[in-house]
Structures are given as C-alpha cells and as structure tokens.
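Next, two complexes with chain A in common: one pairs it with chain B, the other with chain C.
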Partner chain A sequence: MRRPRIRGKAALGATAALGALGLAGLAVGQILPPLPAHPVTGVTPVGFLAAPIADTTPNAAQLQRGQYLVRAGDCVSCHMREGGDPLSGGFALKTPFGTIYSANITSDRETGIGGWTPDQFHRAMHDGIDDQGKNLYPALPYPWFRRISRADDDAMLAYLKTTPAVSYTPPPNKLPFPFNIRFLVKFWNVLFLKSTDFRADPRQSAEWNRGAYLVTGLGHCGGCHTPKNWLGADKGGQDLQSGKLDNWVAPDLTANPRTGLGGWSVEEVAEYLKTGRNARAGAGGAMADVITYSTSLLSDADRHAMAVYLKTRPAGAEPAIGAPDAHAMARGAAIYSDACASCHLENGVGQPRLFPPLGHDAVLQQADPTGLEHIILAGSRVGTSPAAPTPLTMPSFAWKLTDQQVADVSTYIRNSWGNRAAAVSSGSVRSLRKSLDLEAIRYTANSGDQN
Partner chain B sequence: MTTTLKPVDAVLVGFGWTGAIMGQQLADAGLSVLALERGPWRDTATDFATGFAQDELRYMWRHHLFQNVTDDTLTVRNHLDQEALPMRHLGSFLLGTGVGSGGVHWNGQIWRFLPSDFQTKSHNQQRYGAKAVSDYDLTVQDWGVTYDELEPHYDTFDKLCGTSGKAGNLNGQIQAGGNPFEGARANEYPTPPMTQTYGPTLFGQAAAELGHHPFPHPTGNLSQPYVNPLGAQLGKCTYCGFCEKFGCGNYSKASPQTTILPYLMAKPNFTLKTECEVLRVELSADRKRATGVTYVNSAGEEFFQPAEMVILSAYVLQNVRLLLLSGIGKPYDPKTGEGVVGKNYAYQTMSSVNVFFDDKLINPFIGAGALATVIDDFNGDNFDHSGLGFIGGAYVGGMVTGGRPIEMIYTPQGVPAWGLEWKQAAAKNYLRSFSFSIHGSCMSHRGNYLDLDPTYRDVHGRPMLRMTFDFTDNEHKMSDYVTDKAVEVAKAMNPREFKVNRRTGSWSVTPYQTTHNTGGAIMGDNPRDSVVNKFLQTWDVPNVFSLGSGAFPQNAGYNPTGTVAALAYHAAHEITTRYIKAPGPLVAA
Partner chain C sequence: MGSAGAAAAAGIHDGELGAPPQTYTGKVPWQEGAADAPPAALGTDFRFFTPAERSFIEAAVNRLIPPDPAGPSAVEANVPFFLDRQLAGPFGRGDHYFLGGPWKKGAAEQGYQMRFSPAQLYRAAIKAVDDYAAANFHGAAFASLADADKDKLLKGLEAGTVQLGDGVDAKSFFAMLLQNTKEGYFSDPLYGGNKDMAAWKMIGFPGAHYDYSEWVTRHGEKVPYPTVGMKGRPGWSES
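Right, the complex of A and B next:
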C-alpha cells in the first residue's frame, strides 16, 4: 500500500480560546482545550492537487484553471520523487539514452520557476527552450505541449507560482556522450518536431475536439502510447499504437479490437480514467500514477471527451500470429492453475474491478510481451483515487517462477479465453528479470520466521 | 536519553482493528492522529500474497504473524498459590503484532452479543435468583451499556466489513433463514451468506430435524465483491480455507488492510509509525491527566510523544499491562476483592465434536474461516437454565474452516497421534470428516485476574503480565450441557462414528483454543466496579481510553470482534461529538 509521500509540516500551534467552555468543576482538575489543538497543515500530493482555491482569491479563475491544467498534464507524476514534495522534481526518468532528472517547477525563485516570465514558460512548453535559452530534452513532452493554448500556459504558470516554494536542485542528468550535448536537440527538433498548435476539426463534435486537445496536448498520451524510433521520436503514422518505456509497454489505444480499445465502450474508458479500474482491466505500471495524479482528478466531462476521442483512433495493421506450441500451452495451463487461478479464476473471468478478467484483454495481447512479463515478475499495483482508494495489487512471482515458467504461463494467457498473441520466449523473460534487478530473492523485515 | 516530539491531538497505542477504527473516526473529525504500532507494516500483496499465504509451516507452526515470545510474553498459572511461569511458546491463544494484528489473522467470524449478554448480572438474577450469579465465586457484572445503544455501531461495523449473513430479527420481525434469537437489527447484512458446503449443510439438516434453528454463520469472508462506505474494495472469497492464523491474499477477508487503511493512510492528519513500542503512558504530576506516551523504536531510541488524548488500542493483555505499568486505576487484589485493573479476566469455553462418514465426501479443503451452519438455541439465555446449575451458553457450529493438512486432520476415537495407524486413519478420514465447534461463554470469577509478574521481565526490563486463570464449575457444566446437545445433532446425521472432545480439567496453556481473551480493563457504570465507563474512558484519567475486549466484564458465547468494534465506534462517536468540544469525563463518577 502506498504511503502518502509527504506528511504534516509545521503545526499551526493555534490553540483556541479557553474561556467560554464552561468546563469548571470537572474532575480533570484543569481545563483542557477543545480539540483539535494541534492541526496539521501538511497535505498529500492528491490533496495538494485538489486543494480548493477560494473564489475570493485574486485572479481566482485563472489559478483554478491553472491548477486543473496541472492535473490534466499529470505534472506531478514526473515532477515528484519518492519522498519529495509535489512539483519539486528530482524524479529519475530512465530513457534509452540515459537518466534524466525532472526539474523543480515550484515557485522557488532560485531552484524552481518562480522567476520565470509567461513568455519564458510558454517557450519551454511550446519550443522546449528554458529560461536561459538552452534546449530542454524532449523528456519534457513539449512536442505535445506545443498544442496547448497560450492562455492555458499562462494559467498554469500563474498557478505554479502560487505553490509553496521548495528549495531543491535535482541531480545532474546521467547521459552518455553524445546525448549530453544539449545543442544536438536542435537537430532533433528540426527532424522530429512536426506538431503544430492545436487546430479544432470542424467536422467533429465539440466534445471530440476537447478530447483531442487533452489527449494530444496536455495529456501527452502519445508520450508513452506511441511507438518511438531509435532517437526517441514518434514513429510516423502510428499514433497511439503502443509504446515501450522503462520496461513497461504502454498498450495500443486505437480501435484495434484485440490489442486496443476496440472492445471497450466510451463509458468503460471513462471509468478506467476515473478509478483506474473497470470491468475489463486495472491500471498498473506507470499508468497507476497517471490515474492517481491526473485523470482521477479531472471532470467527468473531460474524461468522457478523452474517451470519445480515443475511440476514434484508427488501428494499425494486424500482424500474422502463429499457433502457440502445444507443450508450452500445457505447461502454462498447469502453472496458471497453481499460481494465477486463486484470483483470476480457472476460466480467466477474474473478479471485475478487483482482479481483471484475462479474456479479450488488450494488455496481454500486445505484440511486445514486456508488460505482461513485468507484471508477473515484479507485480503491479493499480492507481488509487479518492473514489477507489484500495491499492489492489498483483504480487510479484519473480521468486517463485523460473524464466521458462513465466514464458509458458505468458504464452498460455496470451492464447486463452479469446486471446491471441505471439508466444513468449524464456530469453525475453531472462533479460527483463535482469534489467528489473529481480535475479536474487530479497528478504524483508517481515520475511523471517521467529522460531 | 528521551527525545520529546511535537505534540499531537491523539496517540493510538497499537494498530489493529480498534486502532484503525478509532484512527479513522478521529482523523475524520479533524484531529491530528498518530498511531504507534510495535510490529511491522503489513500489506496484502507483499506480506500475504496468494503465492505463499497458504503456508501452514510458516504461519501456523512457526507463528510468522504473531508476537515474538523471545522479546515479550506473559506468565501464566491456574491458581493464586502457584508460581506463574512464562509462556515460552504460543499455544492456547495466539497474540498478534504488526499492522492489522489479529484483524489480519482472524477467521472473520462476526457476531453480535445478545441483548441479555449485556445484563449478565441483573438479567440472570431476575430470572434465576441471586444465587445464580454468585455461585462458584462468580463476579459477573452488567456492562453499563445496552444492546440497543450498540446496535447502530454493530451496523457500522457490518457495513465496513460487508458482512455476509442473513438477518434473523429485523426491527423485531423474525426472519426465516436467520438467527431468531439475535437482538433486533436495523438492517439486513450488507451481503448474502456464503454458499454452505456439504458439511455445514448436513449439520443444518440434522439440527432442523431436532427442532433447532440453523442459520449461516455471519462472516467477514465475503460471499460477493463489496465496496464499503470508505470506498475500500473487498473480493469474493475463494474458499481456500486459510483464514485463521493467515493473512488473506485475495482481499476477501475483512481486515484493517482491506476495509480502512486504503482510506485512512491517505489522510494528511493521520500518521502511522511502525516498530515503535509504547513503554508507558505518562501522567501529569497530579496523575489526573495523561501528557502522552513514552515509546522506543526498533533502534532502541526512546521518545516522549506528547498528546492531548491517549487511546490504548493494543490487544487486551497489552492494554491491561500498560494501565498497570502507568499507574492508571487501582490494581485488583483477588484476596480482598478490592481494586479494578486486572479484574474479571475471562476467556472462551471451547469443546468440539468430530463426525466421520463412510459415504459422504465433505472435501474440507473447500473452507473459509466462518463457513458454518450454526444453531444458537443453547447460547446466552436463549434457553431455560432453571435447575441446570450454570449460566451462559454456547453456539454450536458445523464448521469447515479449512482442511489444512498439518492442523486439521481429524481421526476417530482411539487412533494414536502418530505412526502407521494414524496415517491410515488420516488417509481414510480426511475427506470424510468435519467438526462441530461448541463456542461457549466464560463467566468472570473472583480468582481469575491479571497483574504484573513479580519475577519475569521483558526485553525492555518491564514486568511481564501475569495471568491467573482456570475454568470454573459454571463453565464445565455449561460446556458439558451444550456439548451433549451437539452430540445429539451428530447422532442425527448418522455418521459412521463421532468423537467428543469435551472441555475437561484445568485450563492448559498448550493446546490452541481461541485468542478470545477478555476483561481486566472492564467497563461499568461506576468507578468502584470498573476501569472504564460506557465510552471506554478510564475513570481515573479522563483523557485515556482503553478499547478492546478488556472492557468485557465477562465473555459471552460468541467471537468477540463484532462487539469489540461496536464498542470502539460507540466510544468514537462520543469522543467526536462530545469529548473534543469539552474534554473531560463523559460520565459523572
């Protein structure tokens, strides 16, 4: 269960007046103050993102809009490290080119963006250039953010400047030559920065256009869900057809009925964005934070709009998929019964919204099985929200199943109950296990037996 | 050196069911709340995942989830004239530790006590005469709280857990299929009863033939998925049969982890510190107000945590010990009958009947902690005790809590406990047998009590708790009477044979019975007879509350958790509506 990353800071120390309480005569022997005597002023990240901004605040409308847009942009997921304050940065984003640490975007003038002008902020969001005129790495998803309107950029900066100043400088990036040369990003931009400002499609509904604005702009869904070329830029013409990052696969979000959202209703997509769970799936991996810090905090109307837009994305070409090896399927079935059936049940139907049903499942049928292997090896926790706080979790099986067993059960699951996907090799499991650092069993404080 | 920390509004000592319930209620009221738990953090997927939760050797035999008796235990004896010795291996009861504590490794049996159970003294006195409650040196009392006062809080706990069951008395109307003897319920159970498997079904048929009133055991192993009022989700039980002594990996057993923690841990005004053991409650110079608690963390560092309120939410035995160590309330003296802290320690009176068939496959591995069909005809005062020579009673349940191979293989009368003959009998009977549990009340007795041991000390140098306990003739007579009724049901099932395991002789610390220890910090309507008032507030130090089964003046014939939870909600309601506005005694002494 995830513990809140920040806890109460300084107590107010405000003690209410004691005079009028009329407690004289009680056996306590002294008058005690009413409670709470020690209120807590700290907030959780979600509380921070949802903290009400009073209508009486100067510039309230713009600040409220900015706060909402910071949720929609999922800024907190990347701009918060474990144990750190929201938006103070320092989160290590592992890219194929090295590790990039997210920036401090609190109102701190020295280490954050408290001193930035609206023009500087807009240039960063639109063109990927910081206040010093240096190129930012596209780990900041400016190829998507450039679709955001200037008014929205201004609102976000105005809001960010009201956040508590946190003095924190993230570690320097760990990028090998030549990726450590920021200047080269200029060439990358020339080659790949094709996106334009957002233009509404007059043939589509206002809701579809709102969804398009959120999905392709601030929401930067393609940042994970669109396949990338060898330089980390979107592959042309394959929008939202499944991407891979940090040992996870961000599934296909197109109309593909097998690997994408083709079988999902608009309402099911919207429910998933709200609670991280629906009758078909649970949002684990990197998507868990997206649910917690972004989509669960948006309006129903915006989630519906995103779903409406996503449901119109064209599917890519379907590959030919051979029949799986019968022996692997038989071995996989036995492992499934032993290790998986207690939650997902023998026939794979699971318990909707608790333990995802496995039949006709998009995540399981992605061409790249890394996501499934990752879930089996390391486990996966669904995103939580005030509406669905239970952090339902698939446990890790790295300690229990061999590479071959993970491969066999993956092949079995990928080809049962209506699923159809390429067989999984033990080699791919082995290399993932290595990169997840799960080759040795680790014991925790709770592991030992006492007698 | 002791470091003084920043003050909080309320500190909770122990973080199992009562700590989680009170923590949620106080945090929702806006208080800054700190819970101190001596054991580790525990979470479903990492600490009792389905991939390894069903490990009898680790959890049942090696006590993985329980208190480590090499750090701290208690001393036990049957009588005043014996020397108490430390319990060096957990046996008769299994003390919890860690987040969720006993709420993690319970069976999920959720009961309400009968309305008459709360008036044990006055009710029985009125019906059976003064002698009925003073025979055998019984020291039974009324609780100072009524069923009707607790009903809304029982209801809250049912809704929290999603309890699966069938009401037998809805607002005074008797309902078919439920327990006709239960106190009136305002609402039906949140989820329907579990599907009764073959063993419990056979029990129910036989009991009904004898004119009894069988019904499905109310359970926190859920019959269907459930979302509770805090938004927490529980799954449908898979009948794996590993509940008691185990954590549930399927999110289908009600526990603090599944019902409260997802909500509570996200609150900014709630903090939990694990592996922090409270040594004592600190009092002001006049000893009328607690100033906070002193605790030690796992690195051996000592801290003073100032707090406006101290809530003792540890297990009964730790709560009583902390009261004694902190000098809150007058210790009980069994020789004079003076004093209250440690008084009326009681337990649960258990017996069983095993039935063996040739022609019926029970398949006990399809089980759950509260999978049972039960009769309540011989519990509490549901039957006429005239001339029987005892008060109290027991429910009888045809239960299949599991078919765990080390612990739960029943063999017939006369079969040795090991060797070839045992193996043959085990193989023959494993699939064809099950057990009835006779779950009886335990009245309080002048000589049964808790105090500090004069000799033995724990790892921190504090005196251990000393338990002086034995079953009285009242309990033996009660247990024999209801066990005989269970034998009648067994006979009516026409088994090949049955085996009766009666409650005989003195209480022994060795065989497992139940972890239903009660009393020692008992509740009542005046400070001469009780440690806490009806809101579990100590009479002597009004900003200290002692939750849990320690408040029971004697134990009824039911599993205690439902009543423990209802009392916690009842106290929390009074604290959040009255106490926090004007801290002080909630009941005039």
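Right, the complex of A and C next:
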C-alpha cells in the first residue's frame, strides 16, 4: 500500500530550494546522506581487557597477571556504564535497597584509584574499607574478594595503575534512609562477613582448589547465584542455590539435576564459560556480560577448574510441585506452536548453540519463573566472546503477548519435554512488565510508521 | 542542502526504508524490550471518514467484494475500518509519496502522479462521485443506488468513461480503491481488516507463521496449521 522513497514535505522543501538554482532534478538522489564507507572502529572493552602487555615492559609479569585477574573478577561488567570508558565506573547497580553507582577504578589520581597504596587496595578488597577509612557497600563484593591472596590484590592494583586515567566522578548513590548511613555497614559486616581467607582443601585436587579459589573468590559467582536474606547477605547453607537480582534469576549452580548443573558435564560447563553457549543453553541477562568481559577471556585450564569445582556443589531440597492446569497447558501449547516453535521447534529441541533446546532445561525450571518471563517479555541476547563473536538475540514478545499468554506459555514450557516446575501466574507477569517499563510498546527505529 | 537532507533522513521512520543510517562502534546495538512491532489499529471509532463518506465507502467496497457463500463481504471483513485507519495515518498523508509538481499525466508505468495525498484523493473523489450520482441518477447519493446502478457507475470509473469534477482522475481513484480494498481484505487483522482472519480461511492460507520453508516442495498437500495472525488466534486465549 505504501509507495516508497521520500517523505512529501521534506521533498517539497528540497525541491523548492533547489528549483531556484535550476537543480530540481538532483533533489531525489540527495535526500539521504551517504552511508559511511566503512565502520568506524574504536577500542572495545574486550580489546582493552585483552590488550597485550609486552614482556619487555617493566614489571611485565605482575602487570600481565593483574590484567588477567581483572578479567577473572569481571570488574568491567560493573565498573563501566553505557558509553563510558572501561573501569571508569558510573554503572547503576540496582539493589533492593536503592541504586549504587560503581566507582572509577582507573589510574586517575583525583577521581580514580591512581593514588591508592597496595595496603589501601587490599583493605578495600578484604574488608570493604576505602582509602579514607569509610565503609564501602557490599555491592563491591568484598565478602568474596577477601579470599583473594595479597599477591593477587597487589598485581591487580599494579595493573589498574597502568590503565589510562579517566577523570570521571560517578553520581551519588540513591539510597533511602537508613541505608544511606555508611556507618551501618559495620554492623552488617559483624553479622554477615563470615567468609574467611581462602584455604585450600588438601583432600581435593589442585585443579578443584584452583576452581574453588576462582569461583568463591575473584569470580564472586555467589554474588548473584546464592539466595540473599532481607539485608542482602547470603542465606546460610544455600550456596549457589539460585538468586534473584534486577528482574533476573541467577540459576541454581549446584548438582541438582533438574534446576542445577547436575545434568551438565564438566566440559559443557567449561564450554559455556568460554562461549556463552553449549548444547544446552545460552547466556543472557547479566551472565552475557560475565561471559564477554570475564570468563571468555580466561584460560581453558581455569575454566575447566571452575567447572570441576562447580560440579561438586551440593543440591538443596526439592520442593513439591503440583500438576499444571490442563487448560493453561492447552493455551500455552497453542502459543508455543505459533510463536516459539519456528526457532525452538515443536519438540523443544531447538538448534543447539543457536536456539537453546528447552527440554530438561535448568533455567526454565527455576523455582522463581522471573528469568523465563523476562526472556519472553524483553528478549535476551547471548554474550559474545572471541570464540563465538555473533550476538544471538531472542526478540521481545511484550508487544505481541498478553500477561495471561506469557503466563500460559511459560507454564507450558516449564512442564513439557521433561521439565517440571510450578505454574506461572499472570499477576507475576504483570508486575514484571511494569518493572521492566514495558506496559507501552517500545518500538525500534526500524518499526513501521506509527499513526 | 546538507541540512535539508539530514532533516529528511532523520524524519523517515519506516520499515520499508529501514532505520535511518547511523554509525555504531564497539558492539552491535540492541535494546532490551524493543520490538520491530507493526502499528496496530486499535478501537472501533472512525477517524477519517465522515458519516456520509463512510456510507459511500461501505456501499462501494461491498460491490467490489460482495457477500457470497465463498466468504465474507468487504464490509463483513471490516475493510471500511481498515481504510479509515490507513487514511488517517501516514499512508493517507502521503508520507511516502513525492507530491511535488509537475503534475503531468504520466504513463501507467510512472505510477502515482497526482498532487493529492491519498486522503485528499478519497475525500475529493467521494464527493465528486456522489455529485455525479446525484446529477445522473435522479438526485440520489451513491450509497442509495440500486446494486446495478452502483456497478454501472463503478465500471465507468474503472474504464475512465465517467468524468468527475474537482480535478479528480476517476481511473486513478478506482484503481486505488480496488487495491486498498484487497489489502484490507487480505492483510493481517492487526491492521483492522480481515476480521477473524475470514479471508485467509476462505483461501486456505494459514497466516503469519514464521517459516513455511519445509512446505515449499510439498505440492498439493494441505498445510495443517491453524490460521494465525500476528497477534494470535482464538486458541491462544480460549480453552
């Protein structure tokens, strides 16, 4: 129904202007500016993190180690805001208590940590106390980082001091009373800062211990994957049994065969950490950044060690799960067939490493369905890595499906092809849609004309 | 010229043309929750046609696609509502047409050559046809003519034998009306026409499925999928 080419009014204006010069014939061809001849390239955060440090550099070995550890700690995911320089901070971390902005940890002496001593840095990493002696909020994961060795802390600071100085001061935190009183963190530390320095377990292999050091220390996996109590501290005895943050669910990483890594091999875990995808899953949400800025940039040996350790984590108790409503299942099956099956296929087998298979899937069977609802409403993008640089994307279905339809298709997916999980209510979808600010359709620039 | 060109490029917002050209660095842009969503025609109110124009449109499209046992008529398929929303929006405004002069009568291959936007053409043509009907059919408006007289007049428009006033080219208007009526009849129900996907069901088209590639070589077989539109089908909500 539409004839292409140019917008009436603009064309009239251009024609009028050029008509005076006798150039009307050129108007049509000159409306759109030419495309750039080639993409403009900048230094990407990954390029920054992987920039070679020459062996001839003074102190090269420590700096190379420090750079590697900054990757292992996934520092860039939090210490970089959209459009900002890597490590310059300003990223808004949305906690249940308010918004905390990450610090500038570049070598800038005024706004960064260029002036910090190794003792000050170690104190921040180990005890959560900054160079001025003030308490840091545990948004900086010092409850995990305190397991890092002093030599590793020193190497990271040495490297950070070689990064380009970026003068940038993040906005002040938005924390309501009483969470805005930093002093209170001292009591939090007394109550919850139970983790000790890392001690190798002599009964386990060297590889297992290396994995434990990375997972429970610098990797701070439990920061997201361990459930939290009402004050944001780890719930005791539930390590890595699935946590919730910023409208996502960080899945269970224990040996639970239904919701955790029980069905995954060590090699599958390691492949996932390397490429963000394996034959079972793709890493979306916050995990996409973890893959891109951290685990994809580690050594195969370290990824394997992390996988070996993770495979030995004990599972939590299994809840009782009732049978889903047959009508909801029938509606969900209809939606799945029309809206999902073109990529994930009718039998849920998908296309491994491209479109995740859905059967016997841990992410889909988490007790809290927020992650699945989030993926359906907002879409998701798998993290990129040097080994798999294409960012595969699932589109948003918020414009297409009602809350009830998202709930029904979720219930269906959570209870098909070997999956078994609690039914999803339309109320939980409605509140998530509101939190994600998707009550009105969010159009891309490529959408059709709106009236 | 540079600024006029840039302004025009920034103003174009159209799936046909794609997003305005931009330069990206570092990573492929992606926004969570954003969708290449088509604009849906919501509600039931008419925004463009006056009541008299609506009577004309309903009478005319129901002669182009009359009710019969094979399937719904154009009115039953909600084509007038589809036309109303199209004419009230970017299509009606002619956002995608070059509407500047010269307005010489061109060859058919040269396409649309009029100074009217589609909305202006419909408005002027409906009045001109009603005036013509009143002058030639005992003072009656088009909508109140007998079916045989309606057909006679429409055929005259199609053949160009009926001359309309107000600078309206009868042939061009008829061609646009017929084209738009077919579009309303067979397009996705999201746009307001093709009510209950009845036109698709009539011809056995299963609708907006993502992928028919496995059927390309399976000639003569019935595709077993239930008919579905971009916003679903009854089975998504009923059970």
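As a convention for this text, the second predicted complex is superposed on the first by the 406 of 451 C-alpha atoms of A that agree within 3 Å, B and C clash if a C-alpha of one lies under 4 Å from a C-alpha of the other, contacts with A are read in each partner's own complex, and residues count from 1 in each chain.
The working rule: contacts are C-beta pairs under 8 Å (C-beta built on N, C-alpha and C of every residue); 3 or more make two chains touch, one makes a residue touch a chain.
Because the structure is predicted, anything quoted here is derived from the model rather than measured.
For A:Phe91, using the defined touch cut-off, is the partner it touches chain B, chain C, both, or neither? Pick first, second, both or neither.
It touches nothing on chain B or chain C.
Tell me the contact category for A:Thr393 with respect to chain B and chain C: first, second, both or neither.
both
Determine, under the contact definition given at the top, whether A:Ser342 touches first (chain B), second (chain C), both, or neither.
So A:Ser342 meets both chain B and chain C here.
In the superposed arrangement, does A:Gln404 touch chain B (first), chain C (second), both or neither?
second
Applying the document's definition of touch, where does A:Leu438 land relative to chain B and chain C: first, second, both, or neither?
Second partner only, chain C.
Of the partners chain B and chain C, which touch A:Leu354 in the superposed model: first, second, both, neither?
Once the two structures are laid over each other on A, A:Leu354 reaches chain B alone.
Where does A:Gly379 make contact in the superposed view: on chain B (first), on chain C (second), on both, or on neither?
both
Could you look at A:Arg331 and tell me whether it touches chain B, chain C, both or neither (first, second, both, neither)?
In the superposition, A:Arg331 touches chain C alone.
Using the superposition on A, tell me which residues of chain A are in contact with chain B and, in the other complex, with chain C.
In chain A, residues 1-4, 7-8, 11, 28, 30, 32-33, 35-36, 39-40, 42, 44, 339, 342-343, 379, 381, 384, 391, 393, 395-397, 400, 444-446, 449-451 are touched by chain B and also by chain C.
Flag every residue of chain C that touches chain A in the complex, lowest number first.
Of all residues in chain C, those touching chain A are 1-2, 4-9, 11-21, 23-28, 30-39, 85-86, 88-91, 93-100, 111-112, 117, 179-180, 183, 209-211, 225-226, 228, 230-233, 235-239.
In the complex, go through chain A and note every residue touching chain C.
The contact residues of chain A facing chain C are 1-8, 10-15, 17-18, 28, 30-33, 35-36, 39-42, 44-45, 327, 330-331, 334-335, 337-339, 342-343, 377-381, 384, 391, 393, 395-402, 404-405, 408, 436-438, 441-451.
Given the complex with chain B, which residues does chain A contribute to the contact?
1-4, 7-8, 11, 21-23, 26-30, 32-40, 42-44, 46-47, 339, 342-343, 351-355, 379, 381, 384, 386-397, 400, 444-446, 449-451
Could you please specify the touching residues of chain B with respect to chain A in the complex?
Going by the criterion above, the answer is residues 6-10, 29-32, 40, 42-47, 49-52, 58, 61-64, 66, 68, 70, 89, 98, 225, 230-233, 235-236, 238, 240, 249-251, 257-258, 261-263, 265-269, 271-272, 275, 286, 288-289, 308-309, 542-543, 579-585, 589.
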